[in-house]
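Look at the two complexes coming up: chain A is in both, with chain B in one and chain C in the other.
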Partner chain A sequence: MRFLFKTDYEDDIKLFPHSGYVVTYGVLLALLLIAPYVLSSYLMSQLVFVCIYATVGVALLILTGFTGQASLGHAAFLAIGAYTAAYLQKYNVPFPVYFLAAGLLTGIIGAMVGFPALRLTGIYLVIATISFALIVEEILARWESVTHGNEGMRVKTLSLLGVAVPRDSPTFYYLCLAVLVLTIVGTLNLLRSPTGRAFVAIRDSETAARSMGVNVALYKVKSFAISAAITGFAGVLFAHKLSFISPEMFTLQLSIEFIIVILIGGTFSLHGAVLGAIFIVMIDPFLTYLKDDMPGIIAGVAAAFGAGTATAGNIEAKVAAFASLNGLKGAIYGIIIVLFVLFEPLGLYGRWLKIKLFFQLFPLYKRATFKRQKIYVKSERNR
Partner chain B sequence: MLDFVQQLVSGVALGCVYGLIALGFVLVYKATEVVNFAQGDLMMLGGFFAFTFIGMMGLNYWIGFAGAVAAMALFGMLAERVVVRPILGYPQFSIIMVTIGLGYFLRSVAGMIWGTDDLKIETPFSQGVLRVGSLVLAYDKLSVIAATMILCTLLWLFFNKTTLGTAMRASSENMLAAYYMGIPVKRVVSVVWAISAAVATCAGVLLAPITFIHSNVGLVLGLKAFPAAVLGGFGSIPGAVVGGVLIGVIESMAGFYLPEGWKDVAPYIVLLTVLLLKPEGLFGLHVRKKV
Partner chain C sequence: MSYFRAENLSLHFGGLKAVDAVSFAVEKGEILSIIGPNGAGKSSIFNLISRIYRPTSGRIFFEDQDITEQPPYDIAKLGIARTFQNIELFENATVLSNLLVGRHRHSTTQLWQELLFLPSVRANEKVHRRRVEQVIEFLDLEPYRDKLISGLPYGVRKVIELARALCSEPKLILLDEPSSGLNVEETDDMSFWIRDMKSELGVTVLMVEHDMSLVNRVSDRVIALNYGRVLAMGSPAEVQQHPDVVAAYLGA
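On to the complex of A and B.
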């Protein structure tokens, strides 16, 4: 086990606490860089989605995980980014310009959403962000001169400095990866700056933060603006990846998916956004795989346990019928959310930390290390 | 003028349904500080139960109605026991996520069991209209309004005049203190969930003749019930119904007098305005935080 001996504040806020981090993340980055030459085109496409979802996850973590302001409206920010890109592209605006413009516009709108949010906490904030998202969805469907309404908009191939970058080319993947890495590094830097510490202070106790001289209103609006802007950047990439956008892609369902990303990944660390994004993007192909192969496997097991061929065939047909039921995916989604909140509140990254600590402290690991505290007395209404 | 009254009545009827769903939110929120995002889905499930009893098993309307309410009350207790009780006392965000997950699950399972078609329940109020002068009022809408008024009065009496109601209000103020006073908080919370599921079922069954029952009806109406609950000030029973009626009337007026598209957004614009100007709602209490 390694002991980190910190002698001054600079040691405490280092990006890489020790050389092990440099090696691990270096290897990870190298693997990600050679991925296009190794993985199939389908997996590459999924990997691009992981990058986009993780970028949104990081944005949501800044707001929800570190500033403590829950939002169920991030699909709207994504939509604003995507539509800005699609609209400006029609007028032959170059990619870097509309990429930045999309982020700027979403950031401004995010700040505008942040102002009313100043007076709201907890459930009211969630409801307000849901309403915002529903209003944006309706505007997208009705403002036909700009958004083409429910017909949707076609997004042309991205062209970067005169070179066309098709949506399934390695270059597009590198672009998404670069945006993700820059977002993560930027966010890490933000979080170790005074701004980031103010965010965390507001999350932990607004009253305490205010008494320590933190301008709560300013930092909440900042947090909303930064989070929205990053989501807007992701929206541009999202639009290019899908090459077609329409209002029904940016529903409450998508906002919930983003929340699931950070919930499943873990809300206390940026690792959570990436792990959650991998989970949410990969669960679909995984379920399809299960649907195709599970009946055969179960029938095989049944046959191995001495069931006759007829019974095994019967079981296979029944399992296949169950697996192709409409809506089974939604039910599995629901169960996953409930199980994670009930049994793994720290998410996948929390599980990884637990496993790591188990081996570091073996055999002295205590489960109570990660126990959540229950608070019955405090009523959120009286806050 | 006639159009206006007609719109007003249908708005009030729709608003009563929102109010009933909002009432479920408020009950659960008052007792446990939990905001149940699955309330609309409980309503949908109640409607499906009633359809099973009345439409498929051919029971009398009132027996089927009562059966659905009883079954859903049990289901509400079960849901509370399985998913909500383990996380009471944790941050509100986790609780919201659990109820969102529960809603997902209920919607999909209902879709798997009853299919995705629109279902209709035959009720005694389905046909027939009441004529007052040249005004034509459909019975199904009037029945919703009447039932909401009855339910609301009953609940108000229950909360303010009975011992159990007082116990519920006490545990909503401070769970730990209520527990020290000898109130069986867990059982109280269980009963609250049963009541809120039962109220949701009433909403579902009454709604059935107006809009059909399908597995997504809960999501759509549940989202409309939020503005209602917020408008009334999330902790107030009469507030929920008044808020619901206001939202219903606003929606129906916006649909009639404003261009297309406003109908769906109007409730949310009202909600955001209320949150901006008076976050505690029309009937809410304004409490300062003590450190």
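On to the complex of A and C.
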């Protein structure tokens, strides 16, 4: 275990507390840079989605994890970013311009959503953001002159400085990776400056934040705007990756997936957004694999235990019918959320910290280290 | 003109008069205590000053400026800091970041500068940190710098709340029961700190307190309240001898 001996205020401001971090993240970055030359095109495609989901995860962490404002409307922000890109592309606007425009527009709309949200907390805020998402979905379907309604919009191949960047090229992957890394660095910068601390203050006690001179309303709106803008940037990349967008891609289920990203990753650290994104992107092929292969495996097991061919076939058909039930995916997501909230509230990153600490302190690790202390004195009066 | 002044301050909840036409003044550099039985309206007066409640009527002046209509976050910017009776710290943050939030009213950097963490932001952070370290040294909080609030005992939290208020370099500090829940030694420390705040940092103190020995030791003047009204005002000894105060506490 390493003991840090701090000698300068700089030691608490640095992004990397010690040289070990530089090595670890350096190796990670190097691996990510050579990935296109090593991994299969399918895995590369999944990795691009991980980058996009992680970017949205970071955005949602700023709002939900650090400012404490829940949102189930991030699919709508993603949609606004994606449609802005697709619309501006029709007028031959260059990529850098419509990329920035999408972020800016989404940021402004995010701020506008933030204003009514000032008077709402907890579950009421969730409902407000859901209704915002539903409104946007409806507008996308009805405003046919701009969005082509339910027919959807084709997104042309990205062209960066006159060079075409196809959606499965390494360059497109590097672009997504760059956006993710810049988002993370920007967010870390924010968190170590007054604005980030004001966000955390609002999350933990609005009354105290106010009495310390934090303009709570202004900072909540700022948080909404920043979070929405980042999601808007991710939306542009999302549109290019899919090359076709339509309203039914940006449903409530997508917003819930984003919430899963941060809940499963861990809401207290940016690592959580990345781990959660990996989880959510990889669980889909895993579920498909289960759906395709599970009925056969179960029937095989039944046959091995002496079931006749007819019975085994019957079981296989029944399991297959169950596996292709409508809405089963949503149910599985729901169960995953419930299990994580109950048994791993700190998420995957919290589990990783526990494992790390176990080996650092071996054999002195205490299970209670991460137990939250119950707070008995908490005034709810001054709200 | 007085440094801080409340004129005919009232707070009514329907028919209940929590604070009823209370007037008082605080002179620069003094320690004024507000005492009174439970429900006398002491904390309500603090909540009126820091604008958690809006007064039903009456006006509040600070440094000859009418602050009755100022939004709550501006009160801190004017140099009035406060602590809370039931500790309102940022539970899931470290002591250091709690104290740095206290520096919020001095932060001047813009959002885009912070996103890029420009040298100006870095320089400002170091200035904030230096001021925070001075407060940490003043209140002997060195062992807790990097600890999370949620893991700290009550007595320490109480001191951290005082520290956070001091980090904002206030001109006037409102202490809501600084000694509640503290043992005898901790209360002693608290009384020294309150007096040092006055003499070394030049802070004016307005405090609500139940512990009469602490009140006697530190206060220049005392106000006694009951049922939202001022019963008596004067030196600690005078107020304790006042027949109305004796009646309010002993029910004679």
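The definition used in the following text is that the second predicted complex is superposed on the first by the 325 of 383 C-alpha atoms of A that agree within 3 Å, B and C clash if a C-alpha of one lies under 4 Å from a C-alpha of the other, contacts with A are read in each partner's own complex, and residues count from 1 in each chain.
Heads up, the rule we're going with is that a residue touches a chain if its C-beta (ideal position, glycine included) is under 8 Å from a C-beta of that chain, and two chains touch if they have at least 3 such contacts.
Just so we're clear, the structure is a prediction, and the values are computed from it rather than from any experiment.
**Student:** Pick one for A:T207: touches chain B only (first), chain C only (second), both, or neither.
**Tutor:** The answer is both, since A:T207 touches chain B and chain C.
**Student:** Quick one: name whichever of chain B and chain C touches more residues of chain A.
**Tutor:** Greater contact footprint in residues on chain A: B.
**Student:** Between chain B (first) and chain C (second), which does A:Y87 come into contact with in this model arrangement: first, second, both, or neither?
**Tutor:** neither
**Student:** Once chain A of both complexes is superposed, is A:Y365 in touch with chain B (first), chain C (second), both, or neither?
**Tutor:** neither
**Student:** So, A:W352: does it touch chain B (first), chain C (second), both, or neither?
**Tutor:** neither
**Student:** With the two structures laid over each other on chain A, which partner does A:A198 touch: chain B (first), chain C (second), both, or neither?
**Tutor:** second
**Student:** Regarding the shared-chain residue A:Y174, is it in contact with chain B (first), chain C (second), both, or neither?
**Tutor:** Neither: A:Y174 stays clear of chain B and chain C.
**Student:** Figure out whether A:F268 sits in contact with chain B (first) or chain C (second), or with both, or with neither.
**Tutor:** Touch partner of A:F268: chain C, not chain B.
**Student:** State which residues of chain A lie in both footprints, the one left by chain B and the one left by chain C.
**Tutor:** Shared contact residues on chain A: 207, 372, 375, 377, 379, 382.
**Student:** Which part of chain B faces chain A closely enough to touch in the complex?
**Tutor:** 29, 33, 35, 83, 86-90, 92-94, 96-98, 100-109, 111-112, 116, 173-177, 179, 215, 223, 226-227, 230, 234-235, 260-261, 264-265, 268-269, 271-272, 275-276, 279, 285, 287, 289-291
**Student:** For a test of understanding, state which residues of chain C touch chain A in their complex under the given definition.
**Tutor:** Contacts found on chain C: 47, 50, 52, 71-77, 81-82, 84-93, 96-97, 100-105, 107, 109, 111, 114-117, 121-122, 125-126, 129-130, 150-151, 154, 164, 168.
**Student:** Which positions of chain A touch chain C when the two form their complex?
**Tutor:** 9-10, 12-13, 186, 189-190, 192-198, 200-201, 203-205, 207-216, 222, 226, 268, 372-373, 375, 377-379, 382
**Student:** Chain B touches which residues of chain A in the complex?
**Tutor:** Against chain B, the touching part of chain A is residues 64, 70, 116, 119-120, 122-124, 126-128, 130-132, 134-135, 138, 141-142, 207, 252, 256, 259, 263, 325-331, 333-338, 341-342, 345, 372, 374-377, 379-383.
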